[in-house]
Each structure stands twice: as structure tokens, then as C-alpha cells.
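Chain nomenclature is as follows: A, B, C and D, assigned in order of appearance, with residue numbering initiated at 1 for each chain independently.
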């Protein structure tokens, strides 16, 4: 089962700046052989369910190891059985409707 | 690693009523030996990370098997290393502050 | 337009304990004449869109006034035009499917 | 009060393809004088709280007018009082940490 997942990790107890922790998660995702797509409110990851969710777990472990005592994470994720669709397909599908007259 | 997770599964392509699918997920959670706490915008589950996340995957599989071609899910989840905390602890902690004068 | 909204406010830069801020938001909601339904991962509020969203804004203002320099909030919200539905209706609708044989 | 908001609108009861509705929301945002940043799991909008939240309401109205009887929306939003920060600043801040040796 393929999944497109949007990950937003918020470490608590480490002050207001969280970019160091987000950067560490980008590395975790890349090291797992997946391609993170960073945006202002999260990172999109796609691939096999087990592989993607294992990366989410690893991100939590790494952020705790970096010193964050508490993590509050929001995830949006989608699966579909009717057809294959990539994260890029989703964006293109909307953009195509925007250029149509 | 223990996790408190809030699960909100939205099946697409099956009309506007989704309660049948949510009820099926409640059964999936219970059958896994976990205790779902249903609220108006999701279900709270807590326990070992791998066990809880396996249940989320199983919910997606079951909702697809029931005929939903697409699922859009929102998850909030928290882990902490500073102390143990249950979902009930979280609610009580807020309620205690409300009764304080 | 009526809305059912699930509010999860996470103040950053104030340490790991956030219940004091959540409790303050409960009071903001109550003072606005709305009924908060607290659960482990948020608070459900329902009512007229403008009234409910004004309360969300007031919560941000109050939590900042209490000293939180940064707030990260997750909201789930639903509107429907096909029929009226309360937060309690949503829960009951799932529970009814669970007791059906 | 400035806000950075991530909007993910999911219309229900209109089948599995939702890009037409998302495209309509992009136009609503642009017509309000704001700049949508579309990604695979939502759209980032930033600006004055009242202006941004008015756009979210207008999106719901438009998607209902297009025929969707029910909408399930997920929003992430952030405010801060310690300093000004744009959506682009957030992305750059993470990227800077990734290029540091």
C-alpha cells in the first residue's frame, strides 16, 4: 500500500526555534532513501506505507535524542486503491485546472 | 516508545455519511486490544508506537476493503521522554487548572 | 453557516507543560457563550462560523498575552449544507453502528 | 496579528477527484489579494489574521456553491509575537541548516 504523507513535527521544551530539528528529520528521510518535499508547514513524503511510517518513527527517536523531551506531531496521509497517484500528480492536477479557460 | 494518537479517517468516494467506516475502525482498534476513545472529530488511541501505528494501517486496509477507493486521514500524535502520561492524564491536567481558583 | 471545529493549540517557548494555556482557552470559549468539549487531543466547539472562529482568534491572543511567544495550532473543521448535525450527533451516529448486530 | 496558515479542504459527496474544488479555492485566495503556495497536501497562505480567515470561510462557501454537500477541512496555523517570519523564512531556515557542515 502506497501512501502520500505530510509530516509536521513540533518539538516542545526546546524554545521557539525548531528548524534544527526539522533539518535533522530531512536527513532521516533522505537516509531512508525517500525524497522529502519541504514546505512552510511540513514535509511531504511518499512511498510504501511501512517504509514511510518507519521514517516517521525514526524522526521522533532522533528529535528526542537531540534533547526534545516532548514532541507534538500532525500528519495528513492519503491512500487510494482506484489508481496510482504521486504527490507531484496531485499538484499538477490542481494547476491544470487553474490554467484551463 | 509510547504514543498518544488522535485518528481522523475520512473515506472519499462513498458519499457524505462516513459513520459506518468509523465504526469499523473502532472494531479494528478494539480487536487489537487497544481502547478507542471516540470524540466528535476523531478517536484517541494510546499504547506502544508499533502497535498503535499497525492499527492505523489496518484501519486503512479495512476501509478500502469496505469499498472506499480513497482515504484522507489526519493524525495528531505525541511522544514524550520526560515522563509517562496517558490520554486521561492530559484531560485531567487541564480540568484541574479549570477548577483552581 | 454552522461549523463543528476541533481546536488543538500548542504554545511554544514555554516548556513542556501546556495545560495552563489550554485551560485558559476553555475559559475563553465558555465566556463567548460556547460549550467546549475537551478531549485528549483538542477541544470541540460548534456554532456559527464567525462566532467560533472569533473564539479561536481570541484564544491565540490570550495565550500570547500569557507569555507564549509562538503558537502552533491544528484545526479540523466541518460544514455541511445537506442537513444539520451537531458534534453529539456525529458521535451517536458511530455508536449506533457499533451496537447494531 | 499576522498568521501563516496551511489549508487542506476535502469536499465529501462529490466522488474521489477533488482538484476542481482546490483550484477554485486557489482563485478565491488570489482574488482576495493573497498569494497561495500550493503543495501536495494543502496550500499555504499568510497575512493578516482576519483577511486570511475570511478567505478560508469564502473557500467553504464557494466549494458548497459548487455542489459539495459536506466539507472536511484541516488547518495548521501559526502566530508569533517574538519576531516577524514569513512562510519563505520558515523554509529557508530549515534549508540553511541542511547546507551547514
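Rule of thumb we're sticking to: a contact is a pair of C-beta atoms (placed from the backbone, for glycine too) under 8 Å apart; a residue touches a chain by one contact, two chains touch by 3 or more.
This one's a predicted model, so the numbers in the text were calculated from it and none came from an experiment.
Q: Tally the contacting C-beta pairs at the A-D interface and at the B-D interface, and name the larger one.
A: More C-beta contacts join the chains of A-D.
Q: Name the chain whose C-alpha centroid is farthest from the C-alpha centroid of chain B.
A: So the farthest one, by centre of C-alpha atoms, is D.
Q: So chain C and chain D: same face meeting same face, with over half the numbers shared, or different?
A: Answer same: the two copies use largely identical residue numbers here.
Q: Using the average of all C-alpha atoms in each chain as its centre, how far is it in Å between chain C and chain D?
A: 19
Q: Between chain A and chain D, tell me the centre distance in angstrom, where each centre is the average of that chain's C-alpha atoms.
A: 17
Q: Counting in whole Å, what is the centre-to-centre distance of chain B and chain D, each centre being its mean C-alpha position?
A: That pair's centroid distance is 25 Å.
Q: By residue number and range, which residues of chain D touch two or more other chains?
A: Residues 13, 16, 69-70, 72, 74, 76, 78, 80, 82 of chain D each touch two or more of the other chains.
Q: Under the definition above, what is the set of chain B residues touching chain A in their complex?
A: Contacts found on chain B: 1, 13, 49-50, 53, 57, 60-61, 64, 69-82.
Q: Please output the residues of chain B touching chain D within their complex, sorted ascending.
A: So the residues of chain B in touch with chain D come to 10, 12-13, 15-16, 18, 69-70, 72, 74.
Q: Can you list the chain D residues touching chain A in their complex?
A: 4, 6, 8, 16-17, 19-20, 22-23, 26-27, 37-42, 44, 46, 74, 76, 78, 80, 82, 87-88, 90-91, 93-98
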